[in-house]
Amino acid sequence: MDEQVLQTVIIGLSNGLIYALVALGYTLVYGILQLINFAHGEVFMLGSMIALTLLMALGVTPGMDIVTTIVLIVVVLLITMTISAILNVSIERVAYRPLRNAPKLAPLISAIGMSFILQNVGLLWKGPTSLGFLDIIPNTNVLTTIFGLDTVVAVSYKQLFVAAVTIPLLIVLSWFVSKTRQGKAMRATAQDPDTAGLMGIDVNRTIAITFVIAGALAGAAGLVQILYNNTTVWSLGFRFGLNAFTSAVLGGIGNLQGAVLGGIVLGLINAFSDRYLAAQWTNAIVFGVLIAVLVFRPSGLLGQQAADRA
Amino acid sequence: MALLELEDVHTYYGAIHALRGVSLKVEEGEIVTLIGSNGAGKSTTLRTISGLLRPRQGEIRLRGKRIDGHKPHEIVEMGVSQSPEGRRVFARMNIQENLEMGAFARKDRGGLAAEYDRIYDLFPRLRERRLQNAGTLSGGEQQMLAIGRALMAAPRVLLLDEPSMGLAPILVEQIFDIIRTINERGTTVLLVEQNALMALGIARRGYILQTGEVVLSDSAAKLRTDPAVRKAYLGED
Amino acid sequence: MTVGGTDAQAAAPLTGQVPEDQLLVRARAVTKRFGGLVAVNSVDFDIPRGSIVSLIGPNGAGKTTFFNMITGAYAPTSGDISFDGRAIVTTKGSRVRSLKPHQVTALGIGRTFQNIRLFGTMSALDNVLVGQHAHLRCRWWDAVLRTPRNNAEEAASAARAHELLEFVGLGQRPHAWARNLPYGDQRRLEIARALATSPKLLLLDEPTAGMNASETRDLTEFIRRLRSELGLAVLLIEHDMRVVMGISDRVTVLDHGEVLAEGSPAEVRANPRVIEAYLGRGAAGEA
Amino acid sequence: MNTLTTPVQVGHTGGLRAWLRQMASAARGWPATYRMALERRRGRTVLLTLLIVLLVAYPVLYQTVLAPVVRILPLPSATVMVFMLIFAIMAIGLNIVIGFAGLLDLGYVAFYALGAYTTAFLTSPHWGGVSVVLFASVPEGSPGIHLPFMLVVILAAGVAATFGVLLGAPTLRLRGDYLAIVTLGFGEIVPIFFKNLVNVTFSFGPIQLVNANLTGGPLGINPIDPPSFFGFKFGVISGFNAVYLGLILIIVAIVIARNLERSRMGRAWMAVREDEIAAEMMGVNTVRTKLLAFGLGAAFAGIAGAYQASYQGATTSDFFQFSTSILVVVMIILGGIGNIWGVIAGAVVVQYVDKTLLPWAGQRLTDIGNVTGNPALGDINPSTFSFLLFGIALVAMMRFRPEGFVPSRQRAAEMHTAPPGQALGSIGLIEKEGLVPQLDPTEPGGEADPGSAEMSVEGPAGETKAEHRVDVTDEEMPR
């Protein structure tokens, strides 16, 4: 394969994995509440700001020894995930739970309102300009420095880091939902909350757990964003969130594997569009893809066609 | 002390006064049936007992202990489970998983294996299709699954909401046979039915519900011969 | 207008025995597959003008699927259905063409739903007016400009809607919201709305579901009136055997997507295969 | 043969001449109608009359009596009033889409942009290679295309409606929230196109483009001709003149929207919103019905765009953000979805808060800072928080008053509905002897005339009596 194409694929994959983390949050919440949680992108944005603040507070700088760096990153990861999870579950409590029995439009509007509020929190907290962060993880090519390959294709330590954080999270989540009792309760609640209640499932708790998981994943994605893309800004959540939501729809919303696949596909589309077309058209292409998917295959790549049997 | 007791229960949907002071009793080991037209408040009564709706007034007691105001999942833990109207099986989960969900509230995980066996003995068709998604079952099979799922909680009182709805006459007979069997094995049943004839056939006592109120209650045998009941619910002139 | 037998006792003609020009609905070799599942398998089915025909059968036998193919809600996998000499579904080779539901409605098939589907926060009158939609001719610019044509049509259709409400016995509260009507009235309003579509055939999907015995009796009587006073043909899906056996000219029993039996109520009730697959001994004796 | 199930048919009704006659008689009937309204609903009619007088007189008051206090009090300026009207027109249009037909459109700004750019293309020197001047305020022979405003408004509405139909045709069968996302995507794509179509090199048959600047890029297009009629100009420098132009546009918009609401189409929209499948089964062509709502709604945004572009004399793609789409949604939600007066109120209030009240509060803070020797106060800019406020308003509104401040009855009922999964019939109660069934308090009373919600500013077309379906009472019914 052409080395340039390969390089674009690698960039696309790394970005795609971050999309996947956020997309999972959309898909989990949509699955259980049939709600497009517009505020989810903002949780990711705030997650990245929390991570940035923690990294700076702990004095993480480039050139620290590897063990300290890893330990500190893990600490920041856990704290960021925890705070984001708490934030997300609080959003559910304030903006969505009181609307459990309202028509579908109400929580959607509430989500849009929540998204405005959180954007402004970011704006007030960190100001209107983009914040940068240094390369904690080296950008050097693993293939040449470790494996000694003679190639211009680069897989950086940063990209390995993205994979090292996201892939285990994705595996744990998929095991949790398909195999554990609580995971099955989530699936049951997603299908029919009233009946789930009649089975002895605590519906409110199950929904709260879903938001905790979604928030934690968004927090993890926020840290990855800071360490991989080195930047955040108050308006990051909207654009990134739309990409992630597109990923979820692309894969078939409500479907966990679909969200991951959709994220990766979208990462690739982004990377190829940036590289071979022009960056200013990338958003138009992303939305074009979104519209095309919804029109021609609304159930997404992996979504089941609804079996409407008489 | 009655096993399950409702006293002057009032339930609203928004501004609509759906139950207007319903009182009824279910004694240990009975089948009690609740009869009435659509809109009379039968399902509302069951939904209120199960905690899906909160009564605005009145008390619901299980063995003398109040259960109203509790969440649905807590009420299941206390020993009341329901097979809801329209079956409502988890279509994208298989039969085994559906039954597993039915047992969600049970503390004694050890007894589960035996419970599965009991359910599958009661409904052999379900055993054959254990790993099949519930959405692909026929209406009768789904009804069996819904009842089996409710039984997995090992309830003291089983609430059945319109188990014969939309089923062929031949299946209706089967379902009623099963209800009788379940009762004979020791489960108390509160049965909501449109098919008054069949319901009064297996119940010991019955309540007639109209516009959210109990207008008549008596032994099933007496209700079967009551002229007003015969005219309105059994279709005789 | 030819009106079929007025009661179950009248001899009921079987498929193929009625002259073609007396048929309102003529369905041939209609098949519907969902994925690998055959819901309806090569069914022939006729409805003579002015007759009351019932479709019964076990749950999942394909009754509602068949119903939905007549109304255009589902396109069959293959087969032909014509209504009043006009094609609803045609199969040529592997190409199946089916009209859309609103086109079928405009041809003259009205329907009600198993679970009442009225427009809840619209008035009874507006519900009936929506039923007339397909036969009204004014376009949006007529409405914007309030043309004389628009005003005349609005007045005429409102008058008709009031008549229909009177006919079903709901003339008292035309401005009440549909969802605030008592259950029985909602059923009647659904029929009024279906009548507003100017049907020649009325499809009733479990019209007595949720009714007690005396309400059921009233409705059965009302369905008879639809035929005798309005000359409509009626296709009924119903589980209540007393209703089915009481008013049908012909009964068709579906099982596993195929016609199990067909004939007069008496013939069907006595058919051993029907008893075994559907009615059961008890119900057969009691009905 | 029975007549109950034969379709109603209306014969020839006289065409244009009859229509003109009808309009003339309605106009003659105005004083009588007004007197009647004054008798029947005195308070309301008086209030409304005062409101209209105030609105018409406001510009004069603003420049004369109020002149000394405009710097102190948060009174809306001419520009703010124009934007209130622009957004009110959009709110009326979006209300057709969301409120009447129940289609959630989150990319409404796209049609606004299309209207603005259509106007920019047709009333500016942008196409310098040609010179088309038609009844315009520029001299004959000026470079570019210069069409009269009246024509351009209609063309802008047409272009927006066309794109609405083009977008709607493949997407309107999608589920509600999917439609929201598709429209959101469309709303993002359109400005991207306007921003980026600067260096287009393209060749197709006879069409040859080399580095063509189609849209003015990030700089946009300016100057755009101001609207002008008979030598009077209504642009941004004309002050309050533009407000009067806007008032005319919005009256037209109100009349159109209300006449549509009370027609066969309005009922079809409501039916589709309530239960699409049932509507289709009752003979409503749901695809066409939804397309009509989408297209007509887009046309309103096109009109608003045309008005905005020619008022400001410039347009850039930056003006058409997702936040603008959401702003219009906020307006109709706060005001009261489904109710034309509600959504207008929503637009006016939101614009007022955003463009007058918050900047005014900022100035006062600066003043206080200066007076108290605390200049840091001046750095606080309340305008930055407008979206924070709207966000809080939306969340609080959904929780405490989801139907909006001036709700329609339908929405009020829908928003306080029984739990989902509860069948319609199972909450209807069986009537018992001697017992009045409990009614939904939001329902119009059986005896009350539902036409009483009617207000009397909508012009002769809507006011002609006995032509609305709701006005046909039982007594007038032909037997």
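Just so it is clear, A, B, C and D label the chains in written order, and each chain counts residues from 1 on its own.
In the analysis below, a contact is a pair of C-beta atoms (placed from the backbone, for glycine too) under 8 Å apart; a residue touches a chain by one contact, two chains touch by 3 or more.
Treat the numbers as computed from the prediction; the structure is a model and nothing was measured.
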item: Maximum centroid distance from subunit D, chain identifier (CA atoms); value: B
item: Pair of chains joined by more contacts [C-beta pairs], A-D or C-D; value: C-D
item: Chain occupying the middle, per Cα centroid; value: D
item: Whole-Å gap separating subunit C and subunit D, where each centre is the average of the chain's CA atoms; value: 41
item: Inter-chain centre distance, subunit A versus subunit C - centres from mean C-alpha coordinates, in Å; value: 50
item: Subunit A-subunit D separation of Cα centroids, rounded to whole Å; value: 36
item: Subunit B-subunit C separation of Cα centroids, rounded to whole Å; value: 32
item: Subunit A residues counted as touching two or more neighbouring chains; value: 194, 307, 309
item: Numbers and ranges of subunit C residues touching at least 2 other chains; value: 60, 182-184, 210
item: Residue numbers of subunit D (touch at least two other chains); value: 414, 417-419, 425-431, 440
item: Of subunit B, residues touching subunit C in the complex; value: 36-39, 138-140, 165-173, 194, 196, 231-236
item: In the complex, subunit D residues that touch subunit A; value: 104, 170-171, 174-178, 180-182, 184-186, 188-189, 192-193, 195-196, 322, 326, 329, 333, 384-385, 387-388, 390-395, 397-399, 402, 414-415, 417-421
item: Contact footprint of subunit C on subunit D as seen in their complex; value: 1-2, 4-10, 13-14, 18-19, 22, 255-256, 259-260, 262-268, 270-271, 274-275, 277-286, 292, 296, 409-410, 413-414, 423-431, 437, 439-440, 443-444, 446, 448, 450, 461-462, 464, 466-469, 472, 474, 477-478
item: Subunit C residues touching subunit D - in the complex, by the definition given at the top; value: 1, 71, 73, 100-102, 105-106, 111, 113, 115-123, 125-126, 129-138, 140, 142-160, 162-164, 167, 171-177, 179-186, 193-200, 210, 229-232
item: Residues of subunit A that touch subunit D when the two form their complex; value: 34, 36, 94-95, 98-99, 101-110, 112-117, 119-120, 123, 194, 238, 242, 245, 249, 280-281, 283-284, 287-288, 290-291, 294-295, 298
